[in-house]
Amino acid sequence: MSTIERKTLPAACYIDPAWFAAEMEQIFARMWIAAGRVDDIAARGFLRRDVANASVLLVRDGDAVRAFHNVCRHRGTRLCDSETGALSGSIQCPYHGWTYGLDGRLIGAPQMDDVAGFAKDDYPLRGVQSAVWDGHVFINLDDHPPALEAQLGELPGAFRPWRMNELRRVHRLDYTVQANWKLIVQNYNECLHCPIIHPLLNRMHHYLGASNVPSTGNYCGGAMGFKDGVETLSVDGRRRRAPLPGLGEAERQLVNYFAVYPNLLLTLHPDYMLTITIWPETPDRTQLVSTWHFHPDEIARPGFVWEDAVEFWDVTNREDWAISERSHRGIASRGYTPGPYSNRETQLWEFDRFILSRVSETKKATETQSMW
Amino acid sequence: MSTIERKTLPAACYIDPAWFAAEMEQIFARMWIAAGRVDDIAARGFLRRDVANASVLLVRDGDAVRAFHNVCRHRGTRLCDSETGALSGSIQCPYHGWTYGLDGRLIGAPQMDDVAGFAKDDYPLRGVQSAVWDGHVFINLDDHPPALEAQLGELPGAFRPWRMNELRRVHRLDYTVQANWKLIVQNYNECLHCPIIHPLLNRMHHYLGASNVPSTGNYCGGAMGFKDGVETLSVDGRRRRAPLPGLGEAERQLVNYFAVYPNLLLTLHPDYMLTITIWPETPDRTQLVSTWHFHPDEIARPGFVWEDAVEFWDVTNREDWAISERSHRGIASRGYTPGPYSNRETQLWEFDRFILSRVSETKKATETQSMW
Amino acid sequence: MSTIERKTLPAACYIDPAWFAAEMEQIFARMWIAAGRVDDIAARGFLRRDVANASVLLVRDGDAVRAFHNVCRHRGTRLCDSETGALSGSIQCPYHGWTYGLDGRLIGAPQMDDVAGFAKDDYPLRGVQSAVWDGHVFINLDDHPPALEAQLGELPGAFRPWRMNELRRVHRLDYTVQANWKLIVQNYNECLHCPIIHPLLNRMHHYLGASNVPSTGNYCGGAMGFKDGVETLSVDGRRRRAPLPGLGEAERQLVNYFAVYPNLLLTLHPDYMLTITIWPETPDRTQLVSTWHFHPDEIARPGFVWEDAVEFWDVTNREDWAISERSHRGIASRGYTPGPYSNRETQLWEFDRFILSRVSETKKATETQSMW
């Protein structure tokens, strides 16, 4: 029989609700989660993000970004129901009018004064940790997480030339994918499928041409150069915008692909940034938010176009989502057994180790391990 | 930390399927359930009501109301599929023709005569207890329940002046609410939310003006007077019908709001009766049947109108259902923790005690208690 | 109390997910399952069938029919997504291009050569057993099943005159039924309901006129003769096609109804064959594939018609599906208790014994038995 060492995960890791619940607890409720961009939070508004059965409200309190559980401390009402909206200096519950400052303090609680033992100070909004890296907002449901920097490792240094904090969002597309969230990450982390799945992308890169950095327990990725005559990833390979101002000659010749675990796919081109954030809903359904960011100087330039970059990735990503869904169906069926990874899929095997190690950290994980 | 004594229930009571199942067994399958009005059962027809996974058939057998499980004793076929319908003196199964009298006796069973040991007397429809209070029909899935009167306590005496048995249904509206059934009851039992949620209702009552009777383990409620110039609850506060004939001057100046546990919200106005019956389907979905009843003398009067009363409550109740759904979403999320009740929400805390005491009556409840 | 011996099954057998899972394991994953007809597999194509959480690919390899799990051995991708399609001499995975011969051998695996320990011979498609009876293709998910002939018993001999292998499919109708799959089989196995449910069918047969063979553990069935003037089952009882060439005078006067456990309902008329295959999806949802087959000589004849046979059964079967759904709803409700079978329902009781005996064969069954 086969003596292959590196094989795909058992089916339970993709379909078992208990395993999924353990991933949500051990990974999504304990690691830093990419929530969006600072600019997504209006100066006098909020951004709502739902993850690991939490609904999180992001607001700006002066220069600071703050995050809270989106739940009134009175009777548990969801405070903000839409994804974004305006706030007039405070957050008021629509049911009985409990009112919170943008720092989360309870500042109004009608008819509570005569309740013995009640003090407003005891009922602030429950806080959620938040931090910002070059314009990317991260949240952490753990009350005492390690610093975001510990999770990001060398990425902030490596990507400084792209000056991501300067970039501004121009377009957004959302997708619902009927596949386990890990299949999205795995699909992103190899280009062995590019010749078959992606006729357009395959005209831009050589599919075996990735130069990957060593994976860590928190991210993996690498860069791919262009084929001759290609300037960026657009419908025809032409670059219609100036390179990002901080990039050197070498950095203008490649695309960086990094999966920042667990939920950010960060793709840096010579002239724009694509981010995809991953929002698992069930073992077999995942929401994706895809956004394109450009430099403000280019955005301001007459004749600025962005559609070529969006169309390129919309076409390419739909190909990815379709094959990921098909992969999910196969893995979920009786005939699946773990199969061997090629040496072009090392990052996937390393991502799997990350998953296994995180999930098995606690007793909860121990229980679910018996399943496979 | 807070020393508050009266807090909302743990999230499990609203979202856990096992807790919901225990409520169905301990409350909905053991207490008297408001099924509708005697008039809802046509003289030669049936009324179907589904509760606690039972389908119940209500029929009139002469002057008596009778209730049965809506299941053929032969192969288990559902006898009546629509909510109401006609019967021609008996109930016949549409599959193989087993036929039952309106008293439930099996009177026809084709091809069974030659089955050894078979006797028609052994296979009547399984009975369900039923009883009537002033035109309200109640059913009880327990074969040996206490009398309906024991559950109703002082209500029949207190509401005698409204002569509810004389009233006739004029309109009905059904609603599906994506919230736990208890949130509907709790919403009904306080008006602290009225200034924020109900601009129309708040013009009619002073929201702190309720005069409640002491709660029992079976119901709670009280009366609210009108603001100056208001005569009843209608779109403009005008009363377009004569007061109900049995009411004294004082009773014409208020609205009675009673939650008859577990599933009847009974609202008595000077000139009409609103009933809402509550039909839990899942922990997070509840069906509501809302009906408006008027005095026959008024109904017969030329120019009789009822739309002002229906519109008033349709608007107001939709506001209630929306905030209940939002409350459910908050309670179901990771950020929820029980919060403090004000002294204007005492009836809610008492309702919660009713729930806890009923559910913990049996071993099944003991098991689920470990969840919170 | 009743001393009836033969009663219907407990509700759990129809609604409990654990019982359903046991049936899938003990019955659908271990017995021969009717998958379709040899002709359903194009000479250079595939037929996909999903059963018991397996997706099975049927192909023709020269004269042989072969069956495989529809899952790539690399990363588990579903190989063929549609129900039927073309193949160009091999089966290629759409994700990374692993390629299999029609005998299942792995013949291409890009970028795997440098993986230590990898050998193509170790990763053929996982095989599924298949066999053919007179044009009917059967599959078996058990790797070492008894021969198909053992399951079919005397059926091949009994039905030889119908020369089923010569018949060709002319029409197909699919149905989704919201009922447990066993209720479909039980409905098929008795005509006691015919006078009430089937006005059309009841004009063709006398409903008590079945002559059944002794049931085995693998099938049950029998023949019914026609009422005077009826020649076949069509909208008006007229036979518009010549009798099947192998039939004697007696066989031209009746219809054979056989339930070949677990999923084939085979109905043989003087001039055509109707097959219904049963595909359980959940305890309360079943997919049905209904196909009509005629003799090629008739199909080739000018003026050949088939619509009269299709319409007859489409009308009749919709009546069956509707009452089966209603039966399911009754059995699933609180009021159901097992009821007595008549002596006209002996085959149903025998089918129930088959179910109980299969499900209780293993430990898994032992666990679920405690449920009823």
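The letters A, B and C name the chains in turn, as written, and every chain counts its residues from 1.
To be clear about the criterion, a contact is a pair of C-beta atoms (placed from the backbone, for glycine too) under 8 Å apart; a residue touches a chain by one contact, two chains touch by 3 or more.
Bear in mind the structure is a predicted one, so any value in this text is a computation, not a measurement.
Q: If you check the contacts of chain B and chain C, which chains show up for both?
A: Of all the chains present, those in contact with both chain B and chain C are A.
Q: Report same or different for the chain A and chain B interface, where same means the shared residue numbers exceed half of all residue numbers found there.
A: The interface of chain A with chain B is built from mostly unshared positions.
Q: Using mean C-alpha positions as chain centres, tell me how far chain A is from chain B in Å, no decimals.
A: 46
Q: In chain C, which residues are in touch with two or more of the other chains?
A: Residues of chain C touching two or more partner chains: there are none.
Q: Flag every residue of chain B that touches chain C in the complex, lowest number first.
A: Listed in rising order, the residues of chain B that touch chain C are 29, 50, 52-56, 68-79, 81, 94-97, 110-112, 114-119, 122-123, 126, 141.
Q: With touch defined as at the start, can you tell me which chain B residues reach chain A in the complex?
A: Residue positions touching the partner: 1-6, 8, 11, 186, 192-193, 195-197, 208, 323, 326-327, 329-344.
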